[in-house]
Structures are given as structure tokens and as C-alpha cells.
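Shown next, in C-alpha cells, is the structure this report addresses.
When the chains are written out, they are named A, B and C in that same order, and each has its own residue count from 1.
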Amino acid sequence: MRKNWLRDYIIKRLFYVVIIAFGVLLVTFTLVRIGPSIGATHPADKYLASMAAQGQDVSQAIAAIEARYGLDKPLYEQFINYAGNLARGDWGWSLSTSMPVIELIKTHWIYSAQLIILSSIFAAGAGILIGILSAVRQYSKTDYIATFFSFVGISIPNFWLGVMLILLFSVQLGVFRTYYDTGIPVFSLANLRQLILPVITLGTGMTAGYTRYTRSAMLDNLRKDFVRTARAKGLPERTVIGKHVFRNAVLPLVTIIMFDLGAIVFGGAYLTEIIFGIPGLGQISFNAIFADDYAVVVTVVLISAFLVLLINLVTDVTYTYLDPRIKYD
Amino acid sequence: MDETILKVNDLETHFLTARGIVKAVDGIDFELRKSECLCLVGESGCGKTVAMLSILGLIDTPPGKIVGGQVYYEDVNLVECSGKQMRHIRGKEIAMVFQDAQSALDPVFTIGDQITEQIKLHLGVSNPEAKERAISLLQEVGIPSPETATANYPHQLSGGMKQRAMIAMGLSCDPRVLIADEPTTAVDVTIKAQILDILQRLKETRQMSLLFVTHELGIVSEIGDRMLVMYAGRLTETGQVSEILDHPRHPYTIGLINCLPDMTKTRDRLESIPGTVPSLIDPPDGCLFYPRCSRALAVCSQNRPLPVTVNQGHTVFCHLYSQ
Amino acid sequence: MTERHNGSSLARYYWERARKNRLAVAGLVFIIFLILMGLIGPFFTANPTAVNFEEKNRPPVGFAIEESVYDFETQQLVTKTIIGTAKHPLGTDNKGRDLLAMIVSGTRVSLMVGLFATGIAVALGTLIGVTSAYFGGLVDHVVMRFTDIMMTFPFFLIFVLIIFIFGPSLLIIVVVIGLTGWTGTARLIRSETLSLRTREFIMAAKALGASDKRIILTHLVPNVVSLIIVIATLSIPGVILAEAALSFIGLGDPLVTSWGMVLRAGQQNLGTAWWVAIAPGIMLFFTVLAFNFMGDGLRDAFDPRSAV
């Protein structure tokens, strides 16, 4: 019975996802199309500017460019074309690298993915463990140290941490290289080694956050009555904490972890890629900006937005599935 | 019937708080015999629940601590047992059922899970066997369609069902002692009667000893064999239920009985005992009921009353009877 | 029922509670120090943009570094030891700019960004949240969907995009951060307003005959105000970090010396002038810490359920 309801809920959520996705597309498109008309750089501005400087008539060139990019059609038609293209897999052409955007994405997404996934696993694992330990030994030395570190971790600007780590380990101690070598195969130990500093940079803030949330969720549940019942049944303490308390604490935790993942990690990953020279999607979109390569920038923004949407959906469904008390209406 | 299962000697449990040491249980003794129902009676805050938790070693150790006394179960002093030893006792030899079943049950696991978990732990049986036992237990406590019930979560059951499920959980490993902490307080009157019935029946069919904590004398008279009256962490009167209810000696017990509205008489006001329960931090010398006692003597404010046997099995802690 | 305090006694009550949290007070002290530094510091320090290649890469006071300099007379590289002087207490960067002056200038920038961007975000968020909760129904639904859409965008990328389209000026940065940062506030204010609307003390007030306006002014607003203050205080660090991050990657206002910009210069000279990278980070760290402590302290002080 519950499974039917769960399925209906997922369908309803997917419907919302479609609506929101549409909204995301609309906003991005509007931003981009408005841009060139408010004096931002038009794809061929530089060229046009030099032509104008030479006293040539640019109006024909402008007309040709606009026709080429479909800029002369009414806005809604442009939007429909745009959305249609996206659906068909035509994500535009990257002017700066002279290849279809989709090719660019294909070669570079793995670098972002490895960074984000590794950091998340590291952060979630460390954060949850420390959080549980901290809660179970509340007010002990372990707890104070953990709480102190989590405060520090949240407050350190992660881009500064990256620079400091490079300063310490690469410049002063020479343990790691200061740049990322793409020659090393992705699925190798050497690659893992050179990802250590970036993962620490991205993961520290996340770990600190997870530690705090886990600790508070565990504390909330540790003083509940069912814990006393579990002990009265003769269960060993590790079962009481690990099974009963944790399972109850996990509910709000899941939401927070996934939400963090969606919203905040991407910004941090972006910076981390730039600092360490990891050629992921953040890095290439950054370069694209300075190269006036709109197509790449817009595509990366859209990909991120859709990923966030997906993660939110998975979070909501997971949360609903985990808590038997919930029945959304 | 005379075999002593549990013997509590001079149990003292204190709590260390910012405002001082709270003497929640200040020296109580009693015995629990086989197949008997011993009722622990008293107002909220008199220490009955703390005493029960102390028996099972479930007091949160900062800030609480058992500071004195012994709890003998089968010649073993539970107070001195290690955590590991206690885990063999809890849920298996001595089980406890709590007051508010909604909060005492884990909301994210099914009833079936929570019962079989205990069965598998103590009896080491397989999953299907544990499940079968759970179903028959639920049937025993009067839950209709027990198979469906095992797949339900606590919030899907009514108050009475939850309480029965808790009792089933307590019984799951055939304990010799079942401690029930006000199991009928959070439940409707009609359900109350059913639960008392179930407990009564179980006591007889399983030859189990029942330690029943309550503040309602009505329940005591229905289900109890012997009773203990507690006040502010100490005992005031102990003995057979019929004897005490017919011939109460301690002024507090008399007061409690008088508080019960009598259906046969017409009255303008309900009676109550004047005053309030004293603070358990740094209690004064003498009898703690002294400030509220209408028959207090001078010695009552100086010396703590010692137990006096006034009749067979009937003991009072009051200076009025120590002649 | 809630007790009736008049405005000043209520403020004093909260102040007493907040005071007991030592970390929060320490945070407040640091923030006051920052404000003072931002206000009067520039009068005492050198010009942060003054370039002076004669004095480039000076270490801070008390530190010494070795530098290889080409000596024209002897025609070879000579190592000289350069010691930091009080003229440049924190040292200089590779263009001879005084680090202390740059830090002080950055303080101003960060505080202003923090103040205005947060102001915009919180004001907008409160307006949207209260309106949505007040009107309820379809309006609420539509507004919340729009909020969902806004929250879906990875903020940083949007900052970058917009700044690139419209140009990197401090004004744009502040406005963009403000215009994208309201979603969290809106959600929180909305849910608080919704829950307040149905709380028993409101119903009691209505039952006693209070008018809508009175209810809003004397019951709803004070309860929401404390939430707004907490949200604002806890939002400031994020805003300051966002601006710093943007400056760090080169999208900050080039006319303004901010901490992020200093950090960027430091990163590019990590080998020769490591002190340049450390100073702004430390300032950012302590500033964020201070606001977090203060925000936490305020939140605890305002929560009637926590015993202080």
C-alpha cells in the first residue's frame, strides 16, 4: 500500500521538476539574451569594433551575424529554438575551443565528478562519524575538540585553505606538485595522490558542517524515551546508538547533506578547480567567460542547475522513504 | 508463592544537579515474591520510577548514581554487576514496560522488528521463529490480526494497542519479573481495564512476578497482592493490599485513601492533603511528611521513623506506632 | 500567553541573555574592532594602491628573507637578507604596495558589502516571505515555486555569469549578491509567519478583540524581528566570502582593494612573498568566525526555550 503511494509521490515530484526545469531554462535564456543588448560583449563585437574603427559599414555584418545566431527573430521563437536544440542534443558551439559544446563537456566532466564525489564521500564519512562520536561523548574532550574543529572548518574560506595548503605542502615542503597533471589516468593511485589537497580543500568545510548537523541530530535523539526502552531490552550500547538512535537521526541529516551537496558544493568545487588547475567544468566555464564563449558558460550553468534539481528530487524521495510517519498531501 | 525473586536492601539513588544533590531514592527495602503482584504507590516525583530504573541499572550516570544498597536477584547483587552482565538480565530475566508507549517505541521500526530484535538477542533463534513468537505474543496480549500488526509502525496503532505491544515486547523472553511503570496512565479508561485484565491473566499463566508502579489506589486494589507506599523517596507503609486499604496506619496513606471520591457519599468538596511534596535536595531531619501531618509529634521533626510491624506483614514507618 | 514587555525592557532582557555567551561577546568585540579599523584606519595607513617597486616584496616586521639580487657592480647574483621594517608592518607585495594598508582598505570593502548585500537580501527575503505567507493560496504557491527555481541555480555560477555580462563593479557585486541571496530568508520568514499566524497566542489575542493591525504590529512583527536579526547576522559571513571569492578569481572590482584581491596577488607570488597570502585569509577567517559566534549567540538568546 505504501509503495503505491510512494510511486504516486515520485510522479508528482517529477512533474514539479519539469516545471522548475522550464523555469530554469527561461531565466538562463533571458539573462543571456538580455546581456548582449545591454552593452555586454556580443559574439562578434571585437571584430565589429575593429571594422567600425576602419570606417567600414558594419550594418550588413551585424545583420548577417544576427541572422546566423537567430537573433533577429522574436524572443519567444528564439527560446523555443533554444529549448528544442537542447533537447535534441545540440548544445551549441564553443567558439573558443572550436568544438561542439557537448564534446567539451564529455572530455571534462570526469574531472569535476571525481573531485565532487571524492570530497562528498570523505566529508560525509568523516563528518558523520565524528558527529556521532561527539554526541555520544558529549562534553568530553573529544566533543570539545571536534566542536572546535567544526567551527574552524566552517569559518575558513575554502579558497584560502587551498592556497595555504599549496603554500605549505607544495611550495615549502615540496610534497605535492602545484598543478594538476592531466596526463595521469583518472583511475589510478597517482591521480588519487594529486587529488589529496583539492579534496581536503573542498571537503573541510563540508565535513565541519556535517559534523555539526550529525552531532545535533544525534543529541536530539539520544534523550528520547525509545533509547531507554532499547537499553531496557538488554541491547548492547552499540546497537542502541548505531541502530536506534542513528536511524532516527539520519532523517534530518539526509536532507541537509543532500541540500548542501546541491547548493554549496558546486561553488566550492568551482573555486577548487581554479586554484588547483583541475580542468573540470568549473575551470572550462571560467575560461569560457573570459573568451566570450557564451555557449559553454550557459551549458555549464544549466547542467549544474539540473543536477541540483535531480539531487533535490532524490533527497525528497529518500527522506519520504526513510520516515514511515510521512504522508505528503 | 513464598519464594523471593527480588530483594532490595536500603537502595539509595542520588542525582547530582547544579542546585545540589537530589536524593530521589533515600533508602528503601522490599522483597518481590514469585507470582505476586507488588504495587508501588505514590505521587509523581516520589521516586518510584527512579527506584525501578535503579533495579535495572538504567539510571543515566551522569547525573544520577546508585550510591548505596543492594538489589539481589537470585543471589546476585545487580548494583555491582557490570554493563555486560546487566545486559543479560535486562529484557530477559527482568523486563520493563514504560508509561508512554508512543514515545517509548522507536518510530522508525515496525512493531515486529522491535519485538523480534529482543527475541533474537536473548534467545538466539532464527528470524522466522522469532517472528512466529512475536505473532503469538501479540495474540496473547489481545491484539487482533497480529500478523498485520507486526508490519505496522507505532504511529499506526491506537494508544491501547501500543501499550499492549509494549507489554508483548516485555514478555517476549519469558522474564521472571515484569516491571510495569504506570502502564495505564496514558490510556483511556476502557482500555485501562483491558490492560489490567491482560496483566492479571499473564501473571497467572506465566507464573511471573509483577512490579506495578502506579499512583491510583483503584488499580492497586484490583490487581495488587501486596503494596508499598512511597513518599519523597522513602517508604511509609508496606503490606498486603487488603490489609492496608482496610486498615491504613500511616497518616499519608490515610490521606491518600481519603482523597478518593466516594460514590456512596455526598460531599461538598473533594478532600486533599494540604501542603506540597518537599524538595529532595538536602532533606531535613526527621520524617519528611512532618510538615503536612495532622498528627505529628515532636520527635517526628528530629528522627527519621524506623519500620514498625503492626500486623502480620504490615509495616509502618511512623513514630505514632513505635511504642 | 506571552508576557508584555515594552520595547526597551525587552531589548535589555535579550542583551542580558546574549551577554552570558562569551564567544558571542568576543565576536561582537572583534566586529567593533573591524568597524573602527575600517572607519579610521585609512587615515593612519599608507595608500593601498601606491606602487613602489623599490620596496617590493618586503617581509613583515621581524621576519627576514633571503633575496637574490643581481648586483651590477660585481656582475653576479648576490644574496641579500632583507628584514622587515616598521614602515611596512605587514610587508609589501610584489608591486611594493603596503600590505597593512591593503588589509585596512579591504576591511572597509568587506564590511560595506556585508552590510548592503545582506541588507538587500534580507529585506527582499522578508518582504517576499511575509507576503507569501500572508496571502496564502495561489500567490503563496506561485511565489514558492519561483523561490524553488531561484534556489536551484548554483549561486556562484550565476554571480560569475552576471558579473561577466554587466561588468565587475562593486555596485554590481553587491546588487547581484543581494538579488540572489534572498531565497533562504524568504523561506524561513514565510514558515515562521505561517506558524505564528495559527499559534494560540494570536488566536487568544483575536478572542480578546485585538484588531488585525494590532496583532501584526505587537505580536507578529516582534517575533519575526528577532528571527530577521539572527538571519542577517548569520548571512553576513557568506556574503563577505562570496565577494572575496569573486575578487580572488579576478572578477572583483579592479578599482577597489579587497581581501580577495590581496589573496589573489598572494597566490600568484606564493614562492616569493608568502605573507601576502596569509594576512587576508586570517582576516576573513576571524571575521566569519566573529559573525558566526555572534549569530549563534543571538539565536540562543532569542530562543525562549533555551535556558541561558
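Going forward, a contact is a pair of C-beta atoms (placed from the backbone, for glycine too) under 8 Å apart; a residue touches a chain by one contact, two chains touch by 3 or more.
On a predicted model such as this, the values are computed, not experimentally measured, just so you know.
Chain contacts in this assembly form an open path, with each chain touching only its neighbours along a single line.
By number of C-beta pairs in contact, the leading pair of chains is A-C.
Subunit A and subunit B, compared by their mean Cα positions, are separated by 55 Å. Each chain gets one centre point, the mean of its Cα atoms, and the points for subunit A and subunit C are 22 Å apart.
Across the assembly, subunit C contributes no residue that touches 2 or more other chains.
None of the residues of subunit A touches two or more other chains. Residues 224-226, 228-237, 244, 247-248, 251, 322-325 of subunit A are the ones touching subunit B in the complex.
Residues 16, 19-20, 23-24, 27, 31-32, 34-35, 38, 40, 151-152, 154-157, 159-161, 163-164, 166-167, 171, 263, 266-267, 270-271, 274-275, 285-286, 289, 297-298, 300-301, 304-305, 308-309, 312 of subunit A are the ones that touch subunit C when the two sit in their complex.
For subunit B in complex with subunit A, the touching residues are 56, 58, 83, 86-92, 95-96, 98, 100, 103-109, 117-118, 121-122, 153, 155, 166, 169. Residues 145-146, 148-149, 151-158, 160-162, 164-167, 237, 241, 244-245, 248-249, 263, 266-267, 270-271, 274, 277-278, 280-281, 284-285, 288-289, 292 of subunit C touch subunit A in their complex.
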